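Labels run A, B and C following the written order; every chain starts at residue 1.
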Amino acid sequence: MGQLVVNGLALGSIYALVALGLLLIFNTVQIVNFAQGQLLMLGAFIGISGAVTHELPMALAWASTMLAMALIGIVFMVLVYFPLRGRPPFLVILTTIAMGIVLENIALIIWGPLPVSLPSPVRGPPLRFAGVVISMHQLFIFCTLAVILLLQYLMLTKTRFGILMQATAQDLHTARLVGIPVNRTIAVAFAFGAILSGIAGLLVAPIFLAEPTMGGSLGLKGFVVSVIGGFGNLPGAVIGGLFLGLIETFGARYISSNFRDAYAFIVMIAVLVAWPRGLFGEKSSEKV
Amino acid sequence: MTVKHWFPLALGVVVALLIPAVTHDNYVIQLLNIAILNAIVVLGLNFATGWVGQINFGQAAFYGLGAYTTGIAAKAGLPWITTPFLSVVIVMAASLVLGLPTLRLRTYYLAMTTIGFGEIVRLIIVHWEPVTGGTSGLRAIPGIGVFGIGPQGQVQHYYLLIAVLAIAALVAARIRQSSLGRAMIATKDSEIAAEQSGVDTTRTKLIAFMIGAVYAGLAGCLYASSIRFISPDSFSGTQAILLMTMLIVGGMGSIPGCIIGAVGLTILPEALRFLGQWYLVLYGLGVIAVIVLAPGGLASLASRLPRWAGAR
Amino acid sequence: MTDQAIITARGVTRRFGGLVALDDVDLDVPKGIVQAIIGPNGSGKTTLLNALSGASHADAGSIRIDGKEIFRLRPNRIARLGLARTFQNIRVFSNLTVLENVKVAAACNTPMSMLNIMLSNGTQRQREAEIESTSREALEIVSLAARADDRPTQLPYAQQRLLEIARALASKPKVLLLDEPAAGMNMTESMTLLDTIAKLKGKGITILLVEHNVRLVMGISDRVAVLDFGKKIAEGAPSAVQQNPLVIEAYLGRRHRHA
């Protein structure tokens, strides 16, 4: 039981990270990136290329992955977001999905279809108490989530960038008029959004192995979390992520592991039927 | 109907009828049969997505529900004639259950619930192995036949499916010309103005969604009993995305666009097989290019063509 | 009075957060007149219109159209009970033709059957023919018949407003709400609009007009109600309202504050 909680929370932390990446982009440009899972997958593979193929030290592999992800995020923005600014969300969804297909198949061409493993950046014997085993990697995941949550909170509320981001989100046109470097702000949001999913990829690869098709389902879990937590809601994303991790772990253990991926959607549909704007509400509102 | 309207239509019908005379390759005909079935499904998707403007990634699941209902019923020994009705009843029930609580949701949420619905249906198909055959699917499904009379061979199936597609397109065109079709488009253009003009937008959304599901369910029924082999891969989330891109690339809201998009994007991967994995990379980029450069799809490009010609 | 009134609103109240946009508003509109609602910006005119038409429901109150309670009904039900409207920000159906725009509303009380549509049988053809003739008549009234097959976005701004009026007319309303119909119109266009409104009044349709431009409404209206800060501060014949010190204060006071 306690073990399931730990495993569920570790899984949920990864979902929360995907959701936090989505949130960063959503809060700035009000679009939902349906290729976030594929960005996660790229993060995992770039990490593997660094740490396994080129045998870089782990810290260096992580750092280079984050740098690469920032660049990918900006390229992504130029290819997907700029041409579609102001177009209906429907088309943005399809464009990001199409971009996901592109990224997934590029990864298949570069890295092949076989699953690959990435070692954890932390080593050491697992902690045990009261029959519950917490591996060092799980501990590392919890710490990473906590640090990122803190940093993101500080960034959004205390820094100049956070204020610029909010201004951009509220009214792009006015933001530009008052001299906010709108494009640079958006670029930073996309870069950080991609970095967060890259980190999620680096964290998930030591547990589940990495393969080019891994992104689809993980990306969708990120959305389910965003929906449960309310799009653009920081605590909502974290609580939603942990909640989903627990649901899946317990569902797989006590109901059926075959339907592991279905629980997320069942919970999401139930939440939306009861609260059409997500459990924690949505930050943005529309005019009637 | 002017010459501008009926000439391309007549040309399309003649080409469609002549194809089996040109090629005797069973593989080509079977591919075309699948393309025609996809065209029916995309015509169905057009009601909710093209006209009402509601995103829907559940269409592949309705396709699959129709196919599996027919496959399971026919293998259990029920006469073929019952299977279209069973498939329609099942997809109508499913679309009602999914549509009623979710169609009021906003775009992102609706996209997610329909994706989720598709995943749940797929997981049920994959894991309910004794009935559905799991990942290996159902084989040797009994063919189409009423009192022992039914199409034999790929070519006869081809003509049958062309006839069904023609009816499906005709019904879609009639709906478009009726108050229902206008209500659908009005709902997309301005929900509040449609409501204040007396359109029950909630009901219109649900009807469009359900008609689309019925199209998919019937296409699924015909898929199972003409291809005679079904597996979960044919109705997965990837398939839902492919159906959506067929609609977008062909031209949302345009009946010929739906058919062109579905047939084109069903045949294209086979024609470009030599590209291997690169095909899907180009596919994704191609979809982005169409969305960015020609939001009305290929149908809108075709309608622009005469104007260019006239300008010269 | 009440038995002749086509609109009877009692205690209509609407809050947005802490702001009271409509404060206990009563309104009686007699059948067949042109009633104007005026007031400074943000006085609650459009909010009242939205409450009447169901676009954005009031929080409390009672609204009767021709004796039927419509409070909190969905807008499509209210439309079918005989209340049609136009919008301050033009909302035409851009993917339909001008004629089809009007047909949407013309079909509002026509029964619809899937089977008839699929068979395209006699019943269906006759229904569509009726819808078409109603729609063409409505376009005729606003002099847009010649543009029937164009897209509404090809029309100039003022004609798009007239198209909205035609669309509203096609539902054969008892009451027609016009939300700032003259906004963005030049002098000639406004004159055409006033002629059209007079024509509609002649047909026995009750017209409720929300206007910012006070001078425009005074000539055409039989009665004027004045809103300020969500409260009805005056009501009566145009000449009487113009003399009302409360009204002058509301308008002038506001103007001074702006200056």
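By definition in this document, a contact is a pair of C-beta atoms (placed from the backbone, for glycine too) under 8 Å apart; a residue touches a chain by one contact, two chains touch by 3 or more.
Values in this document were obtained by computation on a predicted structure and should not be read as measured data.
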Greatest Cα-centre separation from chain C belongs to chain A
Need the central chain here, defined by C-alpha centroid distance to the all-chain C-alpha centroid. B
Roughly how far is chain A from chain C, going centre to centre by Cα mean, in whole Å? 48
In whole angstrom, the CA-centroid distance of chain B from chain C equals 41
Using mean C-alpha positions as chain centres, tell me how far chain A is from chain B in Å, no decimals. 33
Numbers and ranges of chain C residues touching at least 2 other chains: 55
The positions of chain A in contact with two or more other chains are 288
Set of chain B residues in contact with two or more other chains: 192
List the residues on chain B that touch chain A in their complex, please. 53, 55, 101-102, 104-109, 111-113, 115-117, 119-120, 123, 126-127, 192, 237, 241, 244-245, 248, 277-278, 280-281, 283-285, 287-288, 291-292, 295
Chain C-facing residues of chain B, complex: 171, 174-175, 177-180, 182-183, 185-186, 188-190, 192-201, 211, 253
Would you tell me which residues of chain A are touching chain B in their complex? 32, 34, 79-80, 83-84, 87-91, 93-95, 97-102, 104-106, 108-109, 216, 220, 223-224, 227, 231, 256, 258-259, 261-262, 264-266, 268-269, 272-273, 276, 278, 288
Of all residues in chain C, which touch chain B in the complex? 53-55, 74-76, 78-80, 84-85, 87, 91-96, 100-101, 103-105, 107-110, 112, 114, 117-118, 120, 124, 127-128, 131, 167-168, 171
